[in-house]
Structures are given as structure tokens and as C-alpha cells.
Amino acid sequence: MADKPVVRRRVVKTGISEERTNSSKVQSQYQPYKDAAWGFINHWYPALFSNELPEDHVEGIQICGIPIVLRRVDGKIYALKDQCVHRGVRLSEKPTCFNKETISCWYHGFTFDLDSGVLSTIVANPEDKLIGTTGITTYPVREVAGMIFVFVREDDFPDTDVPPLSDDLPFRFPENSERFPHPLWPAAPSILDENAVALGMHRTGFGNWRIACENGFDNAHILVHKDNTIVHALDWVLPLGILPTSDDCITTVEDDKGPKGLMQWLFTEKWAPVLENDKLGLKVEGLKGRYYRTSVVLPGVLMVENWPEEHVVQYEWYVPITDDTHEYWEVLVRVCPTEEDRKKYQYRFDRVYKSLCLHGFNDCDLYAREAMQNFYADGTGWDDEQLVATDVSPITWRKLASRWNRGIAKPGRGVAGALKTTSLRFKDTADGMRPGYKVPKVPDEA
Amino acid sequence: MADKPVVRRRVVKTGISEERTNSSKVQSQYQPYKDAAWGFINHWYPALFSNELPEDHVEGIQICGIPIVLRRVDGKIYALKDQCVHRGVRLSEKPTCFNKETISCWYHGFTFDLDSGVLSTIVANPEDKLIGTTGITTYPVREVAGMIFVFVREDDFPDTDVPPLSDDLPFRFPENSERFPHPLWPAAPSILDENAVALGMHRTGFGNWRIACENGFDNAHILVHKDNTIVHALDWVLPLGILPTSDDCITTVEDDKGPKGLMQWLFTEKWAPVLENDKLGLKVEGLKGRYYRTSVVLPGVLMVENWPEEHVVQYEWYVPITDDTHEYWEVLVRVCPTEEDRKKYQYRFDRVYKSLCLHGFNDCDLYAREAMQNFYADGTGWDDEQLVATDVSPITWRKLASRWNRGIAKPGRGVAGALKTTSLRFKDTADGMRPGYKVPKVPDEA
Amino acid sequence: MADKPVVRRRVVKTGISEERTNSSKVQSQYQPYKDAAWGFINHWYPALFSNELPEDHVEGIQICGIPIVLRRVDGKIYALKDQCVHRGVRLSEKPTCFNKETISCWYHGFTFDLDSGVLSTIVANPEDKLIGTTGITTYPVREVAGMIFVFVREDDFPDTDVPPLSDDLPFRFPENSERFPHPLWPAAPSILDENAVALGMHRTGFGNWRIACENGFDNAHILVHKDNTIVHALDWVLPLGILPTSDDCITTVEDDKGPKGLMQWLFTEKWAPVLENDKLGLKVEGLKGRYYRTSVVLPGVLMVENWPEEHVVQYEWYVPITDDTHEYWEVLVRVCPTEEDRKKYQYRFDRVYKSLCLHGFNDCDLYAREAMQNFYADGTGWDDEQLVATDVSPITWRKLASRWNRGIAKPGRGVAGALKTTSLRFKDTADGMRPGYKVPKVPDEA
């Protein structure tokens, strides 16, 4: 290599270029987002699928560094901080509920009212003066279309200020059909529609939630999908990438009421699909147009309209668990008015969508997100990334999220993941257990 | 949830209550205990069972962040710091003893006198000027009833100040029968009694030693045992919990000589067993009284008199290995004057005690201790725990331990566990090896 | 132990002796070496064996905290920084090369010129203003005797200053036969000789590169090999250790040109082999002299002349990956002028050298190095080690390396191993993957 004269086509500089779109001035406009390693708090997040919490069952999860326990009683779901006030133990590890109104800590019997969270009694110490003077935070719950949502809030966030679930869900149609016309596909359904059925899955992602979130609506990343089976099986025209052609290629939505987010004007003249690159010998071979549109709303919910087929919409969430794990949700929604519709949809989901889309197609995004983790984990990436024109998407998102989030979660304290190096973490890892989302329950006496 | 008016029975406050018994004033009385993450040094600790160290064998362990190597020669056991003065290597990894007086480092042949610890020669460098000018710390050893105890001390703690083993073992009977009468059960044996036989096991606990220690004599935690097999098989009356009824429910022992600790006046009017809770629909069904009494002495030794049966006593130790691992010992002691007695006792231990008590019953305590680890590991728990009346037990212990410990171990330096994130730690973990206590020996050339 | 009077042969002191050879004055002469946890940069290092990189293949590795990607095109190898300028992703994870002149990032199509490293285009964004204004560092490559070497440099180290590969390889013979006579064995071959064949292996070592490096030429460590199979099978006289007899037992080489290092005058009167220790009852039984000589040159390359047999030389490298992992190379070199010679050499390597030497003999060195890791990892060892006369070898090396290294690598930023506790690291560990050297490639869609 040292023998041959170096051929330079242009001026070669390694290091940070002044031509990157994320100048320090731009960066200063999204500093809150850079601070939000543990997530945005005081927002609605999906917690579990309905069928993960049968009647009378208890599950423990963690969101934004907060441990949360859920219990279903007579169909209704309660969510409370999964941390006994006594010695910090997780109630969910060994579910102990003596009646329908309370949940108890299995260790010393501290008992909490499901509705209010107050410490209402202690099993073998019912006169203790601590009773009634403290309690655990409760979290509002909504259950729709087979999904359980929890409003993850700061301890002192008042009930009266809790916004409707719809404020943290994607734009709905046809309400937004005028503002965001969709001549190439029918109105996308919403999880809030009557008879909406949400089918999907969630799994833990090994990286920060923001890195995962930005991948979904980034119009240059679709290159990772060029070899996916479904693309070729269904003969899709999937571009190599899509380029913004004007400054208004993205519209932000910042109404007084409703979700806050951005819409990308895909399949209009504001975005030009790139179907070939002569110099590199690349050319998209598909014949069938595959129209879709992406948008994202706080706290970081992706919507892909008309995906993977007409009358189906794909939602994604990247729910922060800690500062370096998140729960990745992929959900397909379709309105199914009849039982027959539900069966057909479940069948198509099981036979086509799950394997080819949720796994096949989206699995590429999993490793893509993981591939960025080392660069961003120690902060280097947030300073040294060099963004380009197509990154107008994440940049716009970061600024908007910085303006409209309802709170920046503090780092977890006294919870799993607060300290990365506990012996318990190493023990679980030695036993083959990856960092996770749900709390493993203690086994019965063998 | 947001639709229904919130029902409040009492004033709900989340966060720290002023009614907790661990006020800041109380906390200041046990600050030394809060500083003792790596343990109390200059105390006697169990190291191994006798049968874990046959004649001429060598084993390496770690206590209070100090690596220790043991060797048995002609029946006698020597304990020395398991760290070659040269380059810090553990002698125990590849036992190398050329004669009965010394132990050598397998790496460069540095040789230490077993008795004094002095560097007495180097295998291929016997004239080096370092010889005789340095050495490794020695630790007094006592072997009783099938257990090996080591006095784990600071490097400069003089031999002349080494207390008798009995100073760090639980109260003995009948010496203390007058001070602590036991009308409901016969005098509990001691490991120091003639013909005492100690049977049990030790395993690594994944959490700080203090969190483990406090569990054993905490009278409200017995709730975790309510479903244990042995309780129902033997039809025990095991309370839901036990409440203190007076300020002198615990007596501390702080004599000039002898062990320092506390005794709990269980099964007297000073502690009231709670056998039912109407509101929660709980009621203890057992018929057979099961009398026992707990006490704890420095450095953190639990005694359960009359457990699990008459004439048997249970001891527990929570020996600090690092600040987040400890070795948990469960030992049952019985005096067996004849060989026939020994056989019967060994048989009952193998057939009943080991599975139903040491595993079945005590396994609950294992997960209970682990369940507290995340809350305390980053310090949150030490500040934010909210203790109640029954916590007079750990609070008294913490204050007493703060007054009477013989030294607070410094954080380990240059030893396993000092740095939690070495590649060696990750390699072992990848290979399925949990954090442990004993040093794995290097394999022979395959 | 407390009963028996302590027998002291000499004054026993634990702790740091004033007689250690690494006094603070001596230590100050190698402070740069103490700072070089991540390695010496701007040096030639082995990257892969030639057969690990077939035509058109791509591999990712890491050296001195720098991720490096290699690609072979028409027989020629290119090495570039394995970190896309966009969002830090490793190009090697999913090799994507659209032509013979470039390598692309599989994520967003950023495309780099192999020769210059410049960002020459972006697959679906060929007009972006970032193009041509930045790029990734290139690294000179040399391929000899079946090994691929890379000059790992700082980003701004000029091409014109890149030294020849021979400057970072051991002393050659017969060029140095006058300066370093070898009456007892024939001139050792070099990897740079015509028809030189290098056979060997590389594997990841779990510890800092410096700790590994110092083991190889330390004349007192050979004690660990006393029980190795090959020693007894071939009836070697392998000393218990070798002692320096004069101050000039080591000669440093610090010529204007050429490698910088040290030569040890083994098998001259300057080093006395120790074959027995009466006091400890040790005596070497071998009959056949086994003559060899060790030397080491920057950046830390060991040469063992005449090992394991005449006309064969052993080289070792300890290539820093991070501050606590290194890639350990063991390579045997022989000049094989004919195809017949190659076959015979390969056969002897497969049948004898690989199992008895590279594994059997050298495996002892693996655990010896790991055994030091805890002592040095948190810095304790660098301060508290107590060196002796035989440590003139590592001490001389440390001083020389401090004088002649071409740069001290900065800690890795935004790369694997910069942060030890990422969830990705724990996930891989849970899956049984040890910390490594090569980048695992993303699997194809299943």
C-alpha cells in the first residue's frame, strides 16, 4: 500500500466535516433529547398485550427506569410502582394478593390498595404507624384492541393532568385525511377504532431507545431491506433510498390538542425515490409499487400507513427500559368488524406477516440499531455523528421531541439497570439470561 | 382508570414518610455499618468444611476482599494471603508445595514459610535481596466440629490481640441459661461443645452481606415461609409474623469479654405472634407449636435455637466475599457422643434436614435477599428504606455492629471483584461461571 | 495457630519491601509504558493470517481501540477504519461492496474509496454536500509469509512517515550474527526471508497486552513449564529458572534505523541456568540441552530463536484490542524453498508443534497471564508489584518501550470495549460469546 501513489478524487479529510447537517447550532436545538437517555416520562406507553395478563395474574415490567407491576382483577387492570416502600423489593417477583382490592409484598406483607397505592395494612403488623402515611405511585391504564397501555408518570404528576391515550398515539384517519391526503392508499386504521385488532410482538432491544426510534422513519436506511425475502417474493419496488427535494418535505404537528409529531410527505414531489445508482451498478428490479408513509409522534411512536398491505397499518414503539435497553414493539392493526374478519386477519398474520414482515423485514432493523450502540453509548456518537440531507427526518424529530416531551426521565435509582455490574446481573448472565423487560418470577419450592 | 373518581381511604403520600423508624437521627447511629460494604475485618469467619480440605490439599477463597489460601499439612491448617508478593498471582490456582514448611508460587517460584508468611526463598533465585524482607500475611486458624475458621485480619493486626474463636460465635448454653432462660426447649448445643457435629452447606449469595444477614433474625420476614413444605408436612404453627410489645424486646450483650450481639425474647410476652389477619382472610392452620429463638453476634452470625428440632441448633453466616457477593453458610449442630449418634444424625440430616430445611425452607431466604439487592446496591436503599416497628431487630443490630466491630474492611484492591468489568469476568460469565467463592484451579495440560 | 510460638527465620514484613528492584525512581523511567493501557499506536501489527481473508472477503477486527476493516480485491488488501462517518456503524458487520474500488456501509449506503478512504458517494444520495469532505482513515498493509500486517496509526499520521515493516519485526540473521553470535544454533529465520512460511494461530487473551507481553521473555517464569509434556517427552534440560550474572546481561538495540528492542545473552556466562534447589528438593532431570534465546522489539514482539527446533523460530505478538483484551499470536517460521519442504513443515506443525508447543507448552502462559490480571487491572499491580533480579528483563523492556514507542494509543471512544457494561455486551455474554477480536457478521435472513 505504501508503494502506490495515493489516488485522491477530492480533498480527503478524516474527522468531522463542516458540511454535516448537525452543526453545533442545530445540536443546541435538541439538547433535551440528548439528555433523555432514560426516556420521556409522563407519557402513555404499551406495557403488555392483553393476553399476557389473564384474569388475576400479576406481571412486572420496567419503563423509563421505573419498575411497574400490573394486576388484572375482574377484567380491570391496575398498575402501580413495583417497589415495596419497606425495602424496595419487587412485588411482582412472587405475586401475593389476598383479596381483590389489594396487592401485598410477599416478603413482609406490606399491603397496598390497588386503586390509590396507599399502604393500607401490613399482614402481621396492622397497627404500625407507617400505615396510611406512604404508598406507591399508581399509573393510569387503558386497554384497547388487545393492548395494555400505562401512563408512566413522575410520582407527583397529578391525575387531573393525565392526557387521553390518543395524545400519545399516531395521527388518525380520516380525521387527518384532509391535512395529510393519501390518494394512493385507503385511510389507515387506528388502534382506537372500533373493532380494531392489534396483532404483533414485543422483544427487548439492546441499545438506547432513541437510536432504535430514529431508524424507523429514516428514509435512507431502507437500503438494509434490499435483500429481504418479502421484497422479492412480492416483487416490490423498494427504493434504494428516498431524497428530500424541498424544505417542507416534513410537516410538524404541534396543535394545542392531540398528538405532537411529524409527517413525511412520501410519494409526493417532496420526496424523490432513488431507484438506481449507475456508478455502483445498482438498480431496483421490482415492478409493483409499494406505497406507504411514515410519521412519528411523541413519545416515539412510528406509524407506517398502508403497511404491509392495504387496510393494515404498522405501529412501532421503542419503550425505554433503562438507558441501554428498550422494548421494541411491532404491531399491525386492522379493523375487523366480524368474527370472520378476525379469523382471516389472524390467519394472514400467522402465515405471512409475522414471519416475512415482523421477523424477516424488521429483523434487519434490529441489528441495524445494535450496530450503532457502541458509537452512541459513551456519548461519542451524539457529538461526532455526521448527518446528511436525508437526516432531516431524525433532526426534525429530535427538535420536536425536545419541545414537546412532558418530562425527561431521571436515571433509574435502586432499580434493575441502575448499576450495570451487580453480581445478580452477572449471575443471570452466566445462566444465559439476557437483559430483559419482564420480571422473572421466583420458582416454587422444588 | 381516569374516568373513575379516585377512592382514598387515608391520606396517600408516596415517598419517604416521617413515620418510618429509621429517621436520620437513628441512621446516624449506624453510619459505620453503612460504610461496611466489604465487611467487618479482624473477625473469625468460617472458611471451609474440614472435608473440603483433605491432607496436603490447597484451596483458595476470598473474605472481606482478601484472597486467602489454605493448606493442610500433617493435619494442621495454615492460612495465608493468597497473593504472591511478586506480581499478585494467586498461589491457590496451581498448588505448588515442595515441602511441608512452605508454599510456593507456581509462576516464578517465590516460596513462603507457612508459619510466618515470610518470603523464605525463590526456587531459581535463592540469593535475591528481596528474600526475607517481605512476605504475606498469615491468618490464625481454628478447626472445630468439622469446620475450619480463619481470623481474617488487617495486615498489621498483631498476633497477641487475636481473640478466641468463641468471641465471634453465638452465645453458649447452659452458660447463658440464666440470663436467657429457655423453658420451652432444651439448651441449644454449640459448635464448641465436645462431640459437637456440624453438618451443613455453603453457597454463594448474590448481594451484599448485610442485606443477607438482616433477613435471618427479622421477625416479619417469616411470611415468606408460609407455604414451605416442611411447615405443612410437620403441621407447624408458623406465625404470619411476630410483633414487639415492649421496648426491651431485645437485649444487647456487650460484656467485656465474649461475643457481642443481641438476643430476641421470642416466645415471651415481649413478642406477640400474629396468627391471623381477618381483613385479608389469612389464618395459620398449624397445630404443633414450634418454639425457637433467634440471636445474632458479630461479625454477623445468626443462631436459631431449637431448630429444626430439639437438641439441634442452626447457625448461619453471611461471609463477605466482595461488596456484592457473600458466602451463605447454613450449619446444623448437634452433640453426638457416640458413633451411633453421629450416624443417626447424619442420616436425619441427609434424609430430612438438608432437603426440607437447608434447601426448602432457606431457599426462600435466598431469593428474598436477592430481591433487595437492586434497591441497596447503588445506595438508594440505605437512604430510602422505610422501616417499621418489627425492624427494631435490624436497627438494633446495625447500631451494635457499628459500636463493636473490630474494623471496617477497605474495598478490595488488586483482587477479584475489585473491578467488576474485567474481560476475565466476562469470559468466565460467558462460559456459564457465576461469581463465586473458591478459586478454580488451572487444569492440567490436556 | 495462636497456641504455638511463631517461628521467624528473618524479619518478617508484609507489604512493600525497599529491596524491590522497581523503586519509585526506576518506575518514573517507564511512566509512558504505564500509561499505555490501550497499546502503542503507529506501529505494524499482525491482523489476520492470509487464509483468513480470501479474495473479495471482508473482515473486521480491532487493534489499540481502533476498529479496522480489511478487504482483499484482486489479491491486494485494503485496510480502513471500520466506522462509518455517518453513525459509527461497522462496515464489516455486513460486507457490502458494489465494485472493486469501494466499500460501502450496509446501513445507509455511505461509500468509501478503498485507496484513499474518502467518502466518494452515497448509494441513494449521490449529490449530498458531505461527499468528498470527509472519509475514513486508511492503514498501510503488508502481506508476507502467509500473514497480513497493518500499520495501525493515528488519523493524522502521514503516509510519508510510515516505516518499513521490518522496523517492527525482530532482529534478523545473519545480519545480526556478528552483533549477537549464536554458536550453539544455526541462524534463526525471519518472516521476511524469501520462502519463509509462517504457521501458527491467534486467540484472544483476557488481560492487558503488557502483562501478556512481559511473560514471554521473563527468564524466571519458565518454572510454569516444568511439567509440560514436550519437556519430558523430548527429555529437555529446561532450567528451573535463569539468573543474570552481570549488568550487561541484556543489550538494548537503539540504532537510528531498524527495530528497537532488547536481546538477552542466554547461554553465555551472563545468564546462569539454575538446575536444582536442594533446600526444596528440586532437580531438573533432562539430558538434552535445549538452546534458545529470547529478544523483544517494539511494539512488543517476542522472538525465540531456535525454538522449538533448529531452523525454526517462534514469534509472539500481544496485540492490544482494548485495555483488557489482546490478541495473542504464536507463529513458527521456517524457510521452505521447495514444495516438499513446505509439506514436511506443515506436517510437523500439525503433528507435533501445534499440540505440544503452541497448545501444550504455551497454554501455561495463557493462564499465567490471566493470573496477573486482577492485580494489575485496577492499577494496584503497577504500584505494588515487587520485582527481583530476574525482572531486569521486563524493566529494561518497559524503559526502552517508553523511549521508542511511536505513540500511546488513546482509550477507545465510541467503539466496542470503550464502555464495558453495554447491554449488547451482556447479551453476547449471556449467549456464551466471550469478548473477542473479530466482528461477528450479521446472519442472513433465516
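All chains are identified by letter, namely A, B and C, in their written order; residue positions are counted from 1 within each chain.
Rule of thumb we're sticking to: a contact is a pair of C-beta atoms (placed from the backbone, for glycine too) under 8 Å apart; a residue touches a chain by one contact, two chains touch by 3 or more.
Here is each chain with its UniProt name: A, B, C = Rieske 2Fe-2S domain-containing protein.
Computed from a prediction, not measured in an experiment: that's the story for all the values here.
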Equivalent-chain rotation between chain C and chain A, CA atoms, steps of 5 degrees: 120
Type of chain B:chain C copy interface by residue overlap (half), same or different: different
Chain centre separation (chain B, chain C; CA means) in Å: 44
Set of chain A residues in contact with two or more other chains: 421, 429, 432
Chain B - residues contacting chain C, complex: 78, 81, 83, 85-90, 93-94, 98-99, 102, 104, 106-109, 111, 113, 115-118, 120-126, 128-138, 140-142, 155-156, 159, 162, 413-416, 418-419, 421-424, 426-427, 429-432, 442, 445
Partner chain A, residues of chain B touching it in the complex: 1-2, 6-20, 206-207, 218, 220-221, 223-224, 227-229, 239-243, 274, 277, 279-282, 322, 324-325, 359-360, 363-364, 367-368, 370-378, 380-381, 384-390, 420-421, 425, 428-429, 432-435
